[in-house]
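The two complexes that follow have subunit A in common; it is paired with subunit B in the first and with subunit C in the second.
Moving on, here comes the complex of A and B:
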């Protein structure tokens, strides 16, 4: 039986409210993608969260909307499938995640580029640390230990560069209009002036 | 608060408090929290912690998603182009907040679609305040100001909690909320300092929304064995009454400085204790509404269900059969 809403759009939809709900099969789900955002040129790309999407192109679009629609500016954005990310052990306190690596296996096969992210403190986001060349993620971790180990991260993420879908340099203009949108900027609302004028009219 | 009060579950059978191993892990877990360090998704955690956090974060997410509906209603009828743009941006933000929060809850092991399924099928709750209708534009402004104000009180408390992904999501959310609060306050002030008709409209809206606002933080906490545990684990950060007091202290003066009244003759701040006195809200009414018998409950879920059904063909067209659910990392 359709209810009468205050909202004319909802009345036009003629919603049924006594529908027997259908249950989705468990785990009916788009893939999961980790998103990295670079807010400014002098800051490293940093993990921002996830999106769910059916492919890389849509993941990128959703990520752009979700993580660069508002806020502190953006000069670059990248997405990578969650299951392409190798995760190290988490260590405690002053320990180095690179000290907890299992021993390096035999050298094998052709090298490819890997992207390395470090977590410096619990509660913070993983940040881009650098790139290495290796045959597989565990080998990449050992390679990263040599060049990046001095940062003493608590946790390391490593992903193949080929799996990362990132914005190009020439895409920077996606974000140039962000600061123009004053209607969603708290500082653009001059409420105190309105209030003071009102109080003056009331006689103080 | 987002589920309408505290509902505690018994401990899962998987936790065996009698075992030495459990006690050791529990001690390390509690020591970490005691040091002020965040718990991350791959850490050992008690089942009660996991379950309560999933419920809390999930219901927070649902509240953002459903909250977009009474506000979205007024976008096409907002007075003026700038207000339309601003309200659109606010509603976009709310849906975005839902996405951030679902992502955080997913790190604890519940898939996104399971959460949305539970919402649509009435198995999950959301903040009760969104079960009321926005009759006029003034209602929309009161929601944008005071409901967001209430949410911010809660979010600032929870941002100091122990679970890393929830805290990171809340940090992002709080940064976006400052515009919401400013926008809402500005819209209320514009009406309150405007024509007699505008002033009357916002005064009446305030009277309509005051009872749901007094319900917003949930019933007075009953101290049970679990409250103490959840506070020690920094899942529950402040009592419902403490949050309510903070809200009253911050916003009643701002309402009164506009010369607007509130429909509670007992509402006043005790000069000695600094606590606010108020008429105890009707908790039977709250229970009735949150359990489905409110003005808009059926409509809210019908809209979400319809959106799901009418979008199903797009999801089916895009879905890859080989894609498996993957739990987020952080």
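Moving on, here comes the complex of A and C:
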């Protein structure tokens, strides 16, 4: 086919439409884990990002260096498989994600502990809000609405406590030296200052 | 202050950490997966940082400053063991070396917490947490791969068999060790080795790897006396290449 345009969006308009999509091959990679970092004792653990890993222990190993290798401090770290996280509907503005919950279903099964995370503001991270006991994640969301709903979150994550793999209290010393590792921050090298001083010397 | 036995003790550990830190950093950008690449490079950086802190203690004892000591000595002046000098090899070798070395390092830092040389005891307390993670990293990987596929276990077993004689070289006693133990600076290499063998055995027992009989292995000694493998000099050349261009440069 002769090229009619260099703009890929134009070229895509002429794509064949009678193609049947082939079946997607299974992913040849590890599953993902959500990572939560607690920077200080008086701050809640906060979502930091994801890692790929074959199991919880490996996810923890990777998360530690991925998300707490620099910064002012860290006192604890936890990972949970992404597919163990139940996610509520997102709402906007001053709406409450708990108001958008579907009605509670019939109570069923034994109850277990769930960890609840709230997104308070778009562009921020989900933060630990509290724990609830419930039979399943939707029921946990309704339980959380009663005890934690006053926070008016834009989105709620709920994960079984049993699926979380967290650092022990005695492992806080993993991060003893973290505040000193300023050499991992580009700003610590003060390159702009050095460049300006160099330019001043060249000019003078 | 001139205290040759104490300086030996500090140089052995600092040189081990600097050279292994440099070696492990050679994996930067080449690690098996992104997450591991970052973790391994990060720990390599920790080791270089620990060596710097130990060179600083030596500087306080009258030795040249850390940069001079790290970048301007010839191979024969280094006191590192042979294990840390060896090329990185395939990843399973680097991982096995990391596991064997850091298991010893954690036990060493724990023992050094009660050193009679207070600045060293303080430093050991400060770095134990860092090394606890390094140790966790090493043994978690060994448990993972040591219970994985035949291909993984075969490669890991070969790496273990290859690394062990070198790993035992970590415990080569320094010439003035009687003084080191007598003054309570450190509990000594023999005690450390016994604790290390027990811990390594415990961890390997949780895998499908064959347990080594440590008593039948000839340790690779010589490093503590300044005799090194052919791999150390080229490493030092490369490590000090930038420093030598501008020895007074500030970074």
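By our rule, the second predicted complex is superposed on the first by the 153 of 204 C-alpha atoms of A that agree within 3 Å, B and C clash if a C-alpha of one lies under 4 Å from a C-alpha of the other, contacts with A are read in each partner's own complex, and residues count from 1 in each chain.
As a convention for this text, contacts are C-beta pairs under 8 Å (C-beta built on N, C-alpha and C of every residue); 3 or more make two chains touch, one makes a residue touch a chain.
It should be emphasised that the depicted structure is a prediction, and the values quoted were computed from it without experimental measurement.
K.L.:
Using the superposition on chain A described above, determine whether A:52 touches subunit B (first), subunit C (second), both, or neither.
P.N.:
both
K.L.:
Tell me which partner A:181 touches in the superposition: subunit B (first), subunit C (second), both or neither.
P.N.:
both
K.L.:
Could you look at A:69 and tell me whether it touches subunit B, subunit C, both or neither (first, second, both, neither)?
P.N.:
Both partners, subunit B and subunit C.
K.L.:
Using the touch definition from the top, say if A:28 reaches subunit B (first), subunit C (second), both or neither.
P.N.:
Touch partner of A:28: subunit B, not subunit C.
K.L.:
Determine, for the superposed model, which of the two partners subunit B and subunit C contacts more residues of subunit A.
P.N.:
Answer, by number of touched residues of subunit A: B.
K.L.:
Taking the superposition on A as described, I'd like to know which of subunit B and subunit C A:96 touches: first, second, both or neither.
P.N.:
A:96 sits against neither subunit B nor subunit C.
K.L.:
Looking at the overlay, what does A:111 touch: subunit B (first), subunit C (second), both, or neither?
P.N.:
After superposing on A, A:111 lies clear of both subunit B and subunit C.
K.L.:
If we overlay the two complexes on their shared chain A, which of subunit B and subunit C does A:120 touch? Say first, second, both or neither.
P.N.:
Neither partner.
K.L.:
Taking the contacts subunit A makes with subunit B in one complex and with subunit C in the other, which residues are shared?
P.N.:
30, 51-52, 54-55, 58, 65-66, 69, 181, 183-184, 189
K.L.:
What part of subunit A is in contact with subunit B in the complex they form?
P.N.:
Listed in rising order, the residues are 3, 5-7, 9-10, 13, 15-17, 19, 21, 23-24, 26-32, 34, 47-52, 54-55, 58, 65-66, 69-72, 81-83, 85, 87, 90, 122-123, 125-126, 155, 157, 181, 183-186, 189, 191, 194-195, 197-199, 202.
K.L.:
Which residues of subunit C touch subunit A in their complex?
P.N.:
33-36, 38-39, 42-43, 45-46, 49, 126-130, 132-133, 136-137, 140-141, 143-144, 251
K.L.:
Write out the stretch or stretches of subunit B touching subunit A in their complex.
P.N.:
Subunit B residues touching subunit A: 37-40, 42-43, 73, 76, 82, 85-86, 89-90, 92-93, 96, 99-100, 103, 106, 111-114, 117, 120-122, 133-135, 164, 167-169, 172, 175-176, 178-179, 181-183, 185-186, 189-190, 192-193, 257-259, 298-299, 301-303, 305-306, 315, 318-320, 323-330.
K.L.:
Contact residues on subunit A for subunit C in the complex?
P.N.:
30, 51-55, 57-58, 61-62, 64-66, 69, 171-177, 181, 183-184, 189
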